[in-house]
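Following this message is one structure expressed as structure tokens.
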Amino acid sequence: MAELVTYRESVAEGIAREMRRDRDVVCLGEDIGAAGGVFKTAVGLFDEFGPERVRDTPISEQAIVGAAMGAAMTGLRPVAEIMFSDFLACCWDYLANEIPKVRYMTGGQLGVPLVVRTANGGGLGFGAQHSQAVENWAFTVPGLKVVAPSTPSDVVGLMAAAIRSDDPVVFFEHKGLFAAKGEPAPPDHVLELGRAATVRRGDDVTLVALAWTVPMAMAAAEELAREGISAEVIDLRSLVPLDAAAVLESVGRTSRLVIVEENPYQGGWGATVASIVADEGFESLDAPVRRVAAECVPLPFADALEDVVLPSVDKVTAAVQALAAY
Amino acid sequence: MTHQLLDRYEQMAVIRRTEKAAHDLFLAGKVKGTTHLASGQEAVAVGASAALRADDYVFATYRGHHHALARGASPAACLAELMSRSTGLCRGKGGSMHLTKADAGMLGSYAIVGSHLPMAVGAAWSAAYRGTGQVAVAFFGDGATNIGAFHEALNLAAVWRLPVLFVCENNLYMEYTPIGSVTPVPNPAADRAGSYALPSELIDGNDVEVVEDAVRTAADRARAGEGPTVIEARTYRHHGHSRTDPATYRPADEVEEWLARDPLLLARARLAELGVPEGKVDAADERAERLVKEAVAEAEAAPGADPADALTDVWADGGATWRS
Amino acid sequence: MAELVTYRESVAEGIAREMRRDRDVVCLGEDIGAAGGVFKTAVGLFDEFGPERVRDTPISEQAIVGAAMGAAMTGLRPVAEIMFSDFLACCWDYLANEIPKVRYMTGGQLGVPLVVRTANGGGLGFGAQHSQAVENWAFTVPGLKVVAPSTPSDVVGLMAAAIRSDDPVVFFEHKGLFAAKGEPAPPDHVLELGRAATVRRGDDVTLVALAWTVPMAMAAAEELAREGISAEVIDLRSLVPLDAAAVLESVGRTSRLVIVEENPYQGGWGATVASIVADEGFESLDAPVRRVAAECVPLPFADALEDVVLPSVDKVTAAVQALAAY
Amino acid sequence: MTHQLLDRYEQMAVIRRTEKAAHDLFLAGKVKGTTHLASGQEAVAVGASAALRADDYVFATYRGHHHALARGASPAACLAELMSRSTGLCRGKGGSMHLTKADAGMLGSYAIVGSHLPMAVGAAWSAAYRGTGQVAVAFFGDGATNIGAFHEALNLAAVWRLPVLFVCENNLYMEYTPIGSVTPVPNPAADRAGSYALPSELIDGNDVEVVEDAVRTAADRARAGEGPTVIEARTYRHHGHSRTDPATYRPADEVEEWLARDPLLLARARLAELGVPEGKVDAADERAERLVKEAVAEAEAAPGADPADALTDVWADGGATWRS
């Protein structure tokens, strides 16, 4: 068995593999050069590919993503880093109004094959402006692919797919997973965007999770197994394309659905999954559809408070127990 | 040179008439939504295009008819777009504010003020990286100089020393508000180039030869690796901001003064000065008139936008599927 | 009966009433002064209250909303106009990260009593960057109140409530309703934020709508009535606070739910409503929960295409018919 | 005057030690998340605060400990916040990056670069509208001068001629990148004031008296209705960007040079020059030492943040209910 690698290392590895393959892949972002990125997710790239392909930028999120867009429209495949996903708000016009619309509004004349990658999520005590899980923001915008891996190997496989994609991809790397270890990706590992992974088989309830909530759902499933409840766990891996078929198929077997999402309940991505199942999967449902999401408040700094706000293994377990009793 | 100027004149005449046709079609209920006419500002587009290579990149705003036409979009394709026809530049999916002709290096019209400046920077980066010698040009209004994207774009372009031209069409107004009332410096673009250690030129945007010269010089510098230039072209729009605006906020004498400096009149005078017979100029006008008339007929005769197109072109595979 | 007034006039009327009452209410935005706003929703304010209270700004959405925030933190009650709601993306940091979080992250030391009002929605051929309905963007952010009136009288009553609210409010005025007429608001008309209006009683199905989709749902209800289907129509009026109780109560009686929303299906506000009902109202449901939303594409320019993308009376009617047959 | 300088010295000594304590508590695992120390930049906060009125408004960044303390937050309340105590400035809900003491005119620390500049403009607008004579001050880093909000804020403040001070703490680095490598002008704030027709001052940010003078002059101008000023204070942070940064990217001689210009050393030297006996200065240090020691003890003894607080303070009614 190969040595385990971290999720953090896998980010740089995933990018490096594509940069070796394709000279049009270039990186830009704040402190990603010699410094290797504040999360060290770009370590080694500057040394291997040099300053022309791994470019430090000013603190100018609009220029970073806007320039990546212009470059993508003219032959490059830029990988732009937005340091914390909260800062996507500083360049939201590009994500919401420009990048996803250009192909459509020009009648297919232009495309924007870029990746915007960003460190996402909470649980580390970074406070209200550095802790949000905002995949749901991107999910409101047709025209963006939205990817959020949960394992080192998936990071590499999905990064390859994202960079090779001719469509714009927002790639969420979870801060809470950077130190997590897993099997290294095999050579030439490329996953298909939009294919969920059933990471645990079960019969009684379907748990749908994404990124940081995948290990959470798995831990809950373990605990539930000890109580005789057999939970299936689906790692969506991407929100767009959304593997709704996988969810519907699973719920068709289990008849119960719990969605585990890190974003606040209001406007969360899980609501769309729930609404699909409440419509197309209605007949298979034997119990209410439940969402374990964050409380509808900003993220607090103190651990004791953050724990109250974010989803947790206990909250997932409790939700499933309540449904099982239904 | 006189030959070239006559060509420029004819291009401007075509643009003027195409926009006039758009206006009339609007009043006739055949163009929906809104339009922002560039009448009066033709010299900027035509002069700049004349100085650019065919493979250079141009980015424009919602007020972009003149740039699309100057870069080679046909009046028929532009009008068809405005009239929601399937033969429109964007097959009816873009409209007046998003005219695009990518195969002519016209990489789009963007309707969020300032948004395209960083895109032009990126296109210039791409050109520099690929070593193609192309330049990118962003055209924008005076009002765009107060939005954050302007600042970020100029700074990044300067630091990376990219082959990009920032061409401000200062027509003195942002919508209904004089630019001077919301900007503390007299020349909103040129006076700010220093913040980025960039050279700037303040020019007469109604003189097509002046524009062409300035853009050529700046493009040469850019191609030589000497970085970006800020060009501020003073000009004036003959109409209101958009089709709903009668532009009553503009003093009559200001309007009069600028109408007297109509870029077409200026070019005509210059042609006369150069000894070009008036008949030749009139003939150019007639050709323009005919071309646009035919374009209107062609656009009117074209089939409407295809409803099936509503659900295409979101993704590179041509479709719009977001789930399996 | 009083003369009918337009929704457009009611915006200015609603603001004027509050400005007369409270000198701390001030307005800022692009072209809102002598020009009266590009949608003429500020007409008369400049003349009545002068340039100190009705201020033209540069094209600087971040400065507009950021300055409104600073003013709100220090004693004023600013009403900031963002001309088209699409441009909220240009100042999204303030809406997503600053305004809604300050009270929380300072432990209650500061509040931000402001209103950001904006022209929202499609159907007018303004194309991909000037036509979006983005209440769902704001809905992803805990700490923002989100209001979207459907009638002239509600505009006034909700504007009063919004301006008087000590919490930040994003106030969506629908472009497609500006010319619509209705009863004028009575004097001193103040509505409560978070109280839905049941605008039509019915027994067979609940239609939940907001702003522009309210008249659409009403028209569909008329048509359905002719076929013997009795539809109840709920105008949510605000997404935050969300009157979930009104929806649950109604579905408790009708057992069927169709949500009519203008935003795209993915990440739409209706998904959260659907997920609440699929959970808490599960027992009352006799049929799948259905959402009539926009297609997941940017908004096209041509009418014939826009019609395909946006919800419509026919689409609502068809959705209800399908459910009724269930 | 010597008396005042001794006061300033003592304030700086308190800040220095409070941050040292924060650092030590971090290493001891008692502070979570991240911290950005301002050690080395104390003179900016203390000098500015000394020049301001108690009711003036201050807006700071994630690197804001010094401003909170200079405006009157107690070391105990600051450290308690960092240690997630219910007695913290923000009851543990803010953390190091969001120190706020509204009742002392310290209107918050904001962790999105540049975001608070428009807020300060708004606070100044509010003061001007209410006619209170207050000024607003935004402190920000050199790196913040390249973000759009900087541009929009300065422009609006200039056009509206508001009583606001833009004080750049130029510590030469944005995180791990020298500011000069991402900015085309040598003085990122001062060199850009001209874009907004604003006066600017480039000052020694390590000399507390120089800072105080510059801020007083600018505040006087602002109160007199003469509009905003840009002040760029050159300074240096003694530590890395945040707790994870060993700051190896900085040349040793640069660090040495700046450590020799430590604002506390400079003030000490000046006090000596003014004839203040060393014993008096040492006594100030001792008082600072004691105060901070007690503050650490107080913060450590305080109860942890109250989990019930997780669901309060979203709305003005104190609660977090978003649906009925």
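By letter and in written order, the chains are A, B, C and D; residue numbering begins at 1 in each of them.
The working rule: contacts are C-beta pairs under 8 Å (C-beta built on N, C-alpha and C of every residue); 3 or more make two chains touch, one makes a residue touch a chain.
Values in this document were obtained by computation on a predicted structure and should not be read as measured data.
Using CA-based centroids throughout, the chain positioned farthest away from chain A is B.
By number of C-beta pairs in contact, C-D leads over the other of C-D and B-C.
The mean-CA centres of chain C and chain D are about 39 angstrom from one another, to the nearest whole unit. Note: centroid distance chain A to chain D, computed from Cα atoms, is 35 Å.
Centroids of chain B and chain D (each the mean of its C-alpha atoms) stand 45 Å apart. Annotation for chain D: residues touching 2 or more other chains are 90, 92-94, 98, 110, 112, 146-149, 152, 155, 159, 181-183, 309, 314, 320, 322-323. Contact of a single residue of chain C with at least two other chains is seen at positions 57-58, 60-62, 86-87, 89-90, 93, 97, 100, 104-105, 127-129, 142-143, 240, 242, 266, 295-298, 300-301.
Of all residues in chain C, only 86-87, 89-90, 92-93, 95-97, 100-101, 104-105, 127-129, 134, 136-137, 139-143, 240, 242, 263-272, 274-275, 277-280, 282-283, 285, 287-291, 295-298, 300-301 touch chain A in the complex they form. By the touch criterion stated above, chain C contacts chain B in their complex at residues 30-31, 33-35, 38, 56-62, 86-87, 89-90, 124-130, 266, 295-298, 300-309. Chain D makes touch with chain C in their complex at residues 57, 59, 88-94, 98, 100-103, 107-108, 110, 112, 115, 117-127, 129-130, 136, 148-149, 152-153, 155-156, 159-160, 309, 312-316, 318, 320-324. Across the interface of their complex, chain A is touched by residues 32-34, 81, 84, 90, 92-98, 110-114, 143-144, 146-148, 174-177, 181-183, 249, 304-307, 309-311, 314, 320, 322-323 of chain D. Chain C meets chain D in the complex at residues 26, 52, 55, 57-58, 60-76, 78, 93-94, 97-98, 100, 102-111, 113, 142-143, 165-167, 194-195, 240-246, 276.
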